[in-house]
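Letters A, B, C, D, E and F mark the chains as written, and numbering starts fresh at 1 in each.
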Amino acid sequence: MIEQVNQAGYERSRDSLRDISPDLMRFAIEFGYGDVLSRPGLDIKLRQIATVAALTVLGDAQPQLKFHIQGALNVGCTRQEIIELITQMSVYAGFPKAINAMVVARDVFQELDVQGN
Amino acid sequence: MIEQVNQAGYERSRDSLRDISPDLMRFAIEFGYGDVLSRPGLDIKLRQIATVAALTVLGDAQPQLKFHIQGALNVGCTRQEIIELITQMSVYAGFPKAINAMVVARDVFQELDVQGN
Amino acid sequence: MIEQVNQAGYERSRDSLRDISPDLMRFAIEFGYGDVLSRPGLDIKLRQIATVAALTVLGDAQPQLKFHIQGALNVGCTRQEIIELITQMSVYAGFPKAINAMVVARDVFQELDVQGN
Amino acid sequence: MIEQVNQAGYERSRDSLRDISPDLMRFAIEFGYGDVLSRPGLDIKLRQIATVAALTVLGDAQPQLKFHIQGALNVGCTRQEIIELITQMSVYAGFPKAINAMVVARDVFQELDVQGN
Amino acid sequence: MIEQVNQAGYERSRDSLRDISPDLMRFAIEFGYGDVLSRPGLDIKLRQIATVAALTVLGDAQPQLKFHIQGALNVGCTRQEIIELITQMSVYAGFPKAINAMVVARDVFQELDVQGN
Amino acid sequence: MIEQVNQAGYERSRDSLRDISPDLMRFAIEFGYGDVLSRPGLDIKLRQIATVAALTVLGDAQPQLKFHIQGALNVGCTRQEIIELITQMSVYAGFPKAINAMVVARDVFQELDVQGN
């Protein structure tokens, strides 16, 4: 499942904490991806939409937001859907959180453009 | 659009603030539903999923969460999808928020059962 | 200073925690009112406006929001100013927090009407 | 482990969600208690202190705060330690969250007094 | 209205998101400034005080906090009033948020000093 | 007391705000350390554990989290205890906050290693 969502992003996160706390990242994967996200009943695209919504609202989770915007694209969301989703969050969580998340989305899209994706 | 999502819930909210602040509810509708949610680019079911995710993470918006769980059902989400979605939020926002949102979902479902829906 | 803001509300809060933790309420008064709010440099009406804004955004501080909406009225804010202020918070913190704070304001105003104030 | 912390409280929570989502409570136990809290490296009293601190700061998790104040007492914390801990949280998260958590602590202590514990 | 508050800051924000999402910034202006902040009933200085309070409490909205501290100065607040306001927020939201907002205020003031304002 | 916890970190914070707001840092010390943390009834190690838990959950207080992870080590907590504590916070506040706090802990530990501590 992690392969589908964002394998490269996961490996970077895991490696950055390998020396101090391999278990926290292992839990995030085993519980997050193994137990929860791989359950049937909600398709993977809906799950990624929900995750980007949640991280936009949390506000202080920018590395994770970047990871999951990339993940949402990887499972088939379009850039336009992500822009719409973040715009919608201004209704529920105010403009600052929506604008700051949009800046993260812009950066993800620009990196992909540079890489030719 | 508001008719599709949750007309009855909206009327109750609007009426409860009519005397003190008709404008706040009007803005919520004009901006929220008129400007944002009626935009093309993200379908209404995805939008309701995102809203339930956002309100679960906010944690202190229980009347709105109740409104939008009902709204999600109204636009075609299943109970099982809502349960999956709230369960998934435990990964990003911890168990207390997920459990408290699940209690709200349970109450919405029970009210519907009582009403025979 | 506390006399000006909301003496009756303070006494209720203090009494409700007297047996378990007199010190926490004492700190709230000594630090909050003694050290901070009584400082010159920002007039008391601006301070109450700022407090109502802060508590609206916090979202999970409804007893304190009620206390300070009453306090804002006591130091000379009008009901209309409080309604405007809470409406404005929808821009920065989203509609759920603004709507839930407006419900608290409505309750404060209704209690005052019942009391003939 | 759950037996030590708060067996009765857990059973009530589990039962209240049994019909709608047995899996969420199972995850909370398997991941929370099985994977994380039963790890060596931090003793159970320190873990309960940390949990009460976290839930005080979250602010919108009152059922969980009540559960874990009871749990902290069950693993050997004193009432005075819990009062000190919640008082301390005013420094990091402000007085409203500390005062609202203290009200929860007061209620837990009063219930225990009524039960003769 | 935006001219009075912070025209230069607004243009920078708008331009940074122009390619990805011109609509989000347009909504922020049309709804925030057009519909809400230009309403009579609360003067512009009180509105900026309330906004700086809200953004200090949100904590994760530093670009917006910077924008609105500048905006508060532009509509007639003094540096001392902003310092008092942020100090006061320690009572309601704890010292970390107040200290981190004060660092933002310090940076705004230093930039103005460098520019000779 | 501040000497025990993190004297060097405190001096840096105090100096960075000396010109703009000496009073805010003075309040943080007088109220935080003088009034609250120096109280008997909860030992200093438990207090630092609680503070690191609180700051992990707040999420947007990274300078303070860094300060108090160092402070926790200074009063006798082990690195392993801090790692366990942050890992545990994933249960109550989700993985993003736990992972982001673990990155701060890793940075503190690496700085100490470089300094030969």
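Simple rule for what comes next: contacts are C-beta pairs under 8 Å (C-beta built on N, C-alpha and C of every residue); 3 or more make two chains touch, one makes a residue touch a chain.
Note that the coordinates shown come from a computational prediction; the quantities given were computed from them, not determined experimentally.
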Set of chains whose contacts include both chain D and chain C: A, B, E, F
Chain whose mean Cα position lies farthest from chain D: E
Same or different residue numbers at the chain E/chain F copy interface, by half rule: different
Most remote chain, CA-based centroid, reference being chain C: A
Rounded Å distance between chain B and chain E, as computed from the means of their C-alpha atoms: 30
Chain B and chain F: spacing of chain centres that average the CA atoms, whole Å: 38
Junction residues of chain A - those touching two or more other chains: 23, 27-28, 31-32, 36, 39, 55, 58-61, 64, 83, 87, 90-96
Contact graph of the chains (line, ring, star, complete, other): complete
Of chain D, residues touching chain A in the complex: 23, 27, 31, 35-36, 39
Parts of chain B lying in touch with chain D, wherever the complex brings them together: 59-60, 83, 86-87, 90, 94-100, 102-103, 105-106, 109
Residue ranges of chain E in contact with chain A within the complex: 13, 16-17, 19-21, 23-25, 27-28, 32, 55, 58-61, 63-64
Parts of chain D lying in touch with chain F, wherever the complex brings them together: 28, 31-32, 36-37, 39, 41-42, 46-47, 49-58, 61, 64, 80-81, 83-85, 87-93
Interface residues, chain B side, partner chain F - complex: 90-97
